[in-house]
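Both complexes below contain chain A, partnered by chain B and then by chain C.
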Partner chain A sequence: MIRSVKVLVSLGALLITPSLQAEPFENAAEAVEYRQNAFSMIRANFGVLAGMARNEIPFNADEAKTRAQAVYHLSYIPWQGFVGMGENAYEGTEALPGIWQNKADFNNKAEALRSAAKELVEATESGSMNTIRPKFMAVARSCQQCHEQYRD
Partner chain B sequence: MIRSVKVLVSLGALLITPSLQAEPFENAAEAVEYRQNAFSMIRANFGVLAGMARNEIPFNADEAKTRAQAVYHLSYIPWQGFVGMGENAYEGTEALPGIWQNKADFNNKAEALRSAAKELVEATESGSMNTIRPKFMAVARSCQQCHEQYRD
Partner chain C sequence: MQVRVWDGFIRGFHWLLLATFLGLWFTGGKIEHIDRHEQLGLFMLALLLTRIIWGFVGSESARFQHFLAGPKAIVEYLKAPREFQRFTHNPLGAWSVVALLTVLLAQVGTGLFTDDAIFYRGPLAHLASSDTLRLLTVYHKQIINFIWVLVILHVVAIVVYRLLGKNLVPAMIHGNQAGEGNQRPPVIRHGGWGYLLLAVNCIWIFYFLG
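Moving on, here comes the complex of A and B:
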C-alpha cells in the first residue's frame, strides 16, 4: 500500500515537474551541471578504454565493447546543456564563449565525436585491440580538438 | 603555448586516470553518483515529453524527438553503476537489495526500458502526439514497474 502510494506520488511528481516550456532545466546552473555530468560520465567510460589501449588494464573484449557503447550513447547527451538555459552559460566553468560564437563549428565537432564513437563501437566487435586502438585514438583526438578550442 | 601544454597535461591525465582494472569508479560512492546522475538525466529529458503528453507544454516535434533520443541513449547508461564498485551499494540510497538478489529480472527490466525507449524514438518520427503518447506511456510504465520493485 505504501509502495503503491509512493509510485503514484512519484509518477505524479514526474508529470508535474516540467515548467511550461520545452526546457528540462530550471536555470543555467542545472544546464551546466547536466553537461558537466555527461562529460564526466564519458570520461569514466573512456578512461577504461584508455587503460586497455595503453596495456595498463588487461584487455577484455566484452568490457571494451560495453565502455565503447556507453561513450557512443553519451556522445549524444552533453549538448543540450549548451542551449536553452545553458546558452552562454560559461562563468565559473571551463566552457569558453567561443562555443556560442562558433555554434556551427561546435556542433560539427560534437557530430565528429558521435561519428568517431560509432566507429569505435564497430571496432570493438572485432575483439582485437589492434583494431580498436586506432579508433580509440580517433575518439581521443576528437575530444582534444574540441577541448583545445572551446575549453579553458 | 599555454594551451598546448594544457592539452598535453589533460590528455596525460586522461590516460593515467584509470586504476589497474576494468572499472571506471574508484569506490562505491562514485558508482552510486554515476547511476543517480544517469537517472536524473533521463528524468530531465523525459519530463519535457511528459509535459507535452499532458498538453502542459506546447507540442514541438523536433524537441520531442531530441528528448526521446536522449532518453533512449541514456537508457544504456545507469546499469554500470550497479555492478563492480556499485555491486550491493544501496545504503543511503533508494536502491533496494532485491536488485542484486534478482539480477536477471532487474536486467530484463533495464532491457524493457531500452526497448520501449527505442519505440518512443520511432514514434517521434511521426511528428504526431497521438502516435507518440502511447509509446510515452509505455516508457513511463517501464520506469514505474522497475521502481515499484527495486526502488525504496
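Moving on, here comes the complex of A and C:
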C-alpha cells in the first residue's frame, strides 16, 4: 500500500516537474521583457567600462572589475528569454526571426560573448586600462557580430 | 588666357571633403573606430557648414545664387553643352553639388542621433527618444548608399567630360581654367577667409559636440 502510494507520488512528480521546468514565463511578453531588461543591465554595466576605455570618466580599477564581473554574470542571463513562442516572441521587438531559425549559431554567439566577457574580467585583474581596452573591444565586437545578424 | 575659377578654399574643401569621406567610410560600422568616426564626422559637419556659408558670402563661382539654374537651363545645357561658357558649375553639376551637400548633411546630421545599442550614442542622442534614435540609426546606415551613388555619378561625369575633351580635374587643383570667349571672370574671394570660417566652425562644433 505504502509502496504503491510512493509510486503514485513519483509518477505525479514526474508529470508535474517537466511543466515546471519548461517555461519560466507565462507568455511571450514576459519573455521579451525579461531579455530586454537583461540586455539593458548589460549595457548599463558595460557603459561604465566604455566611459573609462574612452577616457570619458576617470579609470578606477575596482569599479572596472566590478562592472566586468557584472557583464560576465549577466552574459548568462538574456538567452532564456528567446523562447519558442511563435511570432509573439519577436513581433514588435528588434529580435529577428533568424534567432529561432538558427538557434545553434545564435547560441554560439551567446557563448562568444560569455568567453569574451570572461577574458575581460581576467584583464581587469591587471588594473591597467591598456590591458583592459582590447578585451573591452572584443566584448563590444561580440555584441556587434550578433546584432548584425540577429538584431533589426 | 587663364581665368581663376575656383578659390583656394573651394579647392581645399573639395579634397578635404573627399579625404574625410573616405576616412568616415573606412571607420564606419567598425566599433573599434567609433571615436575616430565621430571626430571625422564632426569635422565633416564643419566642412559642410562652411561650404554652405561660403555659398552665400564666398567667391562668385562658389555662390549658390550664381550657379543654381532651373530646369529650362538644364535642358538647354543638355542640348548644347558646348554653349555653356560660364566660369562656375554647369546647370547639371550645380544640382549635383546641392544633392551631395544635402545627403552628406543628412548623413552627418543623423550620425549625431545614433545609438549602436552597445556603448556608443551620438553627441545629440540625449535630445531624442529611443524610438527616434533607432530610426535615425537605420537612416544613418542607409544614406551611405545614396552618397555612393552620387559619388560614382560625379566620377563618371568627370570621365565623360574627359572623353569629350574637357579635363575638369586640373582646375580643382590649381584653380584656373582656360578662358574662352569674352565673358567676365568671377569675383574671387581670398580662400583664407574660407579657412578662417572653417576654423571657427570647427571650434564651436568640437566644443559643443566633441
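Here is the rule we go by: the second predicted complex is superposed on the first by the 125 of 152 C-alpha atoms of A that agree within 3 Å, B and C clash if a C-alpha of one lies under 4 Å from a C-alpha of the other, contacts with A are read in each partner's own complex, and residues count from 1 in each chain.
In this section, contacts are C-beta pairs under 8 Å (C-beta built on N, C-alpha and C of every residue); 3 or more make two chains touch, one makes a residue touch a chain.
Just so we're clear, the structure is a prediction, and the values are computed from it rather than from any experiment.
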Chain B versus chain C as contact partner of A:58, first or second or both or neither: first
Contacts of A:101 with chain B and chain C, given as first, second, both or neither: neither
Touching partner for A:128 - first (chain B), second (chain C), both, neither: neither
Touching partner for A:67 - first (chain B), second (chain C), both, neither: first
Touching partner for A:88 - first (chain B), second (chain C), both, neither: neither
Touching partner for A:137 - first (chain B), second (chain C), both, neither: second
Contacts of A:27 with chain B and chain C, given as first, second, both or neither: neither
Per-residue touch tally on chain A - higher for chain B or for chain C: B
Overlap of the chain B and chain C footprints on chain A, listed as residue numbers: 43, 46-47, 50, 54, 140, 143-144, 147
Complex contact set, residues of chain C against chain A: 31-32, 35, 116-120, 134
Interface residues, chain A side, partner chain C - complex: 43, 46-47, 49-50, 54, 94, 137, 140-141, 143-144, 147, 151
Chain A partner contacts - residues on chain B that touch it in the complex: 3, 7, 10-11, 14-15, 17-25, 30, 34, 37-38, 41, 43-48, 50-52, 54, 56-58, 60, 63, 66-67, 69-70, 73-74, 76-77, 80, 140, 143-144, 147-148
